[in-house]
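Take a look at the structures listed below.
Shared between the two complexes below is chain A, which pairs with chain B and chain C, respectively.
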Partner chain A sequence: MSTETITAVEPKRESLFSKKNRKLLTDPLDDSNPITVQVLGICSALAITVQVQQAVIMSLAVLFVMIGGNVIVSMMRNIIPDRIRIIVQLVVIASLVIIVDEVLKAFSPDISEKLSVFVGLIITNCIIMGRLEAFALGNKPGPAMLDAVGNAMGYAWILLAVALVREVFGSGAISFPGVGQVKFLPESWFMANGGFYENNNLMILPPMALITVGIIIWIQRSRNRSLIEEN
Partner chain B sequence: MKALHKLIEERVKPNFTGDGKLKRFWVVFDALETFLFTPGHTTSKGVHIRDGIDLKRTMFLVIVAMIPALLFGTWNIGHQYYLSLGDITTADPWTAMFLDKIIVGAIKVVPLIVVSYATGLGIEFVIAGINGHAINEGFLVSGMLIPLIMPVDVPLWMVAVATAFAVLIAKEVFGGTGMNILNVALTSRAFLFFAYPKQMSGEIWIHDVMASKTGGLLADGYTGATALGHLANTVGQPVQGEVSNGVMAMFTDGGMFSLMNCFVGTIPGSVAETSALAALIGAAILIWTGIGSWRIISSFIVGGLVMGAIFNLLSLNAYMTIGPVHQIVMGGFMFGAVFMATDPVSAAQTNRGKWLYGFLGGLFSIMIRVFNPAYPEGVMMAILFMNVMAPTIDHYVIEANIRRREKRLTAAVA
Partner chain C sequence: MEYLSLFVKGIFVENMIFAYFLGMCSYLAVSKTVKTAVGLGFAVIFVLGITVPINYLLENFVLKEGALTWLSPEYATVDLSFLSFIMFIAVIASMVQLVEMIVEKFAPALYGALGIFLPLIAVNCSILGGALFMQERQYPSIGEATVFGLGSGVGWLLAIVAIAAIREKIRYSNIPAPLKGLGITFILTGLMGMAFMAFMGIEI
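For the complex of A and B:
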């Protein structure tokens, strides 16, 4: 499914933002999006998209771990013995995740509590492991970093889109880290106060995250027909 | 009639076909034309036997079968309303204040039907237009079923949202009519059940019951909860406790939810689900015309009876002491068995599969409602669950058939 090629040693130097490298950055946003096309990292997308602020923090955490992991593994790619490469990758990812977890606990304990185990579970996020295996092991640190940024962004925008839909319709609010949840619907609209409106409780439940991701996949494939699988 | 047909064929149709100026709206014209006149389509290749009963007539006959439930439901809304106000008593004949009852019922039911059809057909027309498909009658039955399984006072915009969700997510995503995995009408109800739990449970089943309550107008014993809602309160309570005895008194002869009342349907509930009798009349029409599967309906009822009998033997709590026959005439069980479980698309397709599908559906309906007081209407959950299981059931039935024939063949050859 992934479209990149594992290139051998490049004969001549290539600028960091050559056409090919720019593609590393933009491809994961649409054509090879980790969530909607490769269908990786779905579990966290379902679990932490109830509020936008959690999705933002989660995206930043994944961005950090991915850049760190991709660059470090890419730098070590020539000295990692092939047979234990998975273990080495895991050690790298796990160390980075622990750093993220500790920073979150220290500086924003309430969000850390809301994200609970899902920060720790970044270790098992298939996107990160997949990029290390498929890209960082065969490429220089520069492109590896671009690849990490691209994929983390591809993950992030889906997360934010899903979280936005779920929070607006599920809680009638939008939240942002540092600001907290802002309810923008007037209280008098709600049925408890004699109004006509009610928040959609189904949006809060995990199945709706799955359906929302499904709708994004639907829209994306109706716009970009090359993504539609044969048969 | 012939003149009208000729006029349409010669004057109106050319506008929509070929390069006519209205050719973008061909799907709309086509839908209305085939709805009004028998289409002249014939098979072009090979020999086929074509039955006169097409999708349109199938759908229409199901609607006819729903009419008793609809009429009874309309009357019952008014009946419950005036009972709750104390204007009439259960001793009055059913014709008392007949016109008032029908008017109250119609004021509640007609908008539900209009909203359901407008939303559903609107989406169908748009999607068919985008895809260039002919519009079919797939929504006729769903659009009628949706209002029939709603609480009386559900806000209309919620019905619209639920209908849109069900048509898009349960049907169009999978390829439209005939391709859906889940029953469309039940999906809309499940959506409402989870999305707006406050509007779908508790004291909502009689028109304006909350207003009457705050106004001090409510007659004694009326809370606006359904039979299943009352029974759900007894779960976790001692069998002979105060709460249980109070609730169970309503289910004895002469009580509000006596066997007779539940069977006839003069109890609070969704618009048309209360009457087991009306559902059975519908079942008779469906079976007689060969549209509903008698296998599913009968095995669904047997499944409910079996589970009810098992619970009744155990009698571990007050809920279980209700007899099996009483269990299956309460709530939406009969309505679900007749109109929901028999949906020819989402049900099992093989004959043996249908027996199993119906039986397990009935079994789970009673099991869910007794075991989980949070889901008093177990029928909805059970049928949706069996919809998901139906392809698996069919798969194993077909596999078993292949193996059986293989064995027969090897035995014959050897």
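For the complex of A and C:
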């Protein structure tokens, strides 16, 4: 787990896209990925990866809440008393999540129903809390925003990868809003029509989400050996 | 009998970790030794057992549509349920603070071992998840809500102690290097989840 605390002693006029700041954006995609390396935000990553569509909505919601939370907390960092900072952070996050929940309920009630409690659980998504603690409390709003975008993207790509694997192998098709299901294999290949192929229903069940993430971690760590753990 | 069925369901059939992946963060981070796992597991049972009934009262006497009629009949149309997230999390955060103080006073060794993870129970998804499932499933009485909370907590304890025991032993096995630690823990949890699927659909 990485905990970076960049002290406030930095040159006065630093552009928003300096080398250090760009690193904030790209690091979470691989070297300090929130899910596979920092082990944050696993719950939602596993539960809503049955369909790509749900994963996209969830990623967008997390992106919004993270940017909002990181920027707001970073702006308030000098006036938040240390002892009650957790409660302050929770209130900021909870307000943002309420906005997301109400918007979802208003504009796409069926998706909101499918995500059920997991929208509410963005509040306790450890990525958001973790980044607020580790980064936003010690940095200016600009870098905090970049950090939020970077981490949300790192979270999103894992989510999408898992959802893609699970939906393709589990349902043999990907459903898009408006378009409906897009199938990859011709109907006649399926067992039901006398073919040889059958969807792997196990992929839709919860345990395979864990195993898929485990395999993603395996691949990532064999490519990037510096991430390997001692035991 | 109803209570027993709900309790068993919370432990095995609707296990917080294997069926809903709630509380995975602390599950993965604190499961290196059995001793700390047991400590955190009991803390979770305790917090779930307290917060679910409190949130149940909050839901039924303040937040739900028409819940405020005990104040005056003219509030029958007031629906405060959009506030539920913020109210639930406030209850949970203050309860966790309380548990932290109790543990620090009476079990300093456990406090030292749990370290940073005790305050993080506040952001343990299984606690808020318990409250939100309670809201979604609309349990008819506070007794059932409490039993549901305790059952889920025991299920969580069972899961974390089991994985901690496996991780203690697996240290001596020859696992491919990139899979060590986190990777193998994920795969093990997946396999345990498959085993728990055998309980699916059981009615008592």
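Just so it is clear, the second predicted complex is superposed on the first by the 219 of 231 C-alpha atoms of A that agree within 3 Å, B and C clash if a C-alpha of one lies under 4 Å from a C-alpha of the other, contacts with A are read in each partner's own complex, and residues count from 1 in each chain.
Going forward, contacts are C-beta pairs under 8 Å (C-beta built on N, C-alpha and C of every residue); 3 or more make two chains touch, one makes a residue touch a chain.
What you are looking at is a predicted structure, and each value in this text was computed from that prediction instead of being measured.
In the superposition on chain A, A:201 makes contact with chain B only, while chain C stays out of contact range.
Look at A:211: by the touch rule set out above, it reaches both chain B and chain C. Applying the stated contact rule after C-alpha superposition, one finds that A:221 touches chain C and leaves chain B untouched. In the superposition on chain A, A:191 contacts chain B only, with no contact to chain C.
Once the two complexes are laid over each other on the shared chain, residue contacts for A:75 go to neither chain B nor chain C.
Counting the residues of chain A touched by each of chain B and chain C gives the higher count for C. Touching of chain A by both chain B and chain C, each in its own complex, is seen for residues 205, 211, 214, 218. Residues of chain A that touch chain C in their complex: 36, 39-44, 46-47, 86-87, 90-91, 94-95, 97-98, 101-102, 116-117, 120-121, 123-126, 129, 205-211, 213-215, 217-222, 225, 227-231. Of all residues in chain A, those touching chain B in their complex are 191, 196, 198, 200-203, 205, 211, 214, 218.
Per the touch definition, chain B reaches chain A in the complex via residues 155, 157-158, 161, 169, 173, 191, 194-199. By the touch criterion stated above, chain C contacts chain A in their complex at residues 18-25, 28-29, 82-86, 89-90, 93, 119-120, 122-125, 127-129, 132-133, 136, 171, 176-187, 189-191, 193-194, 197.
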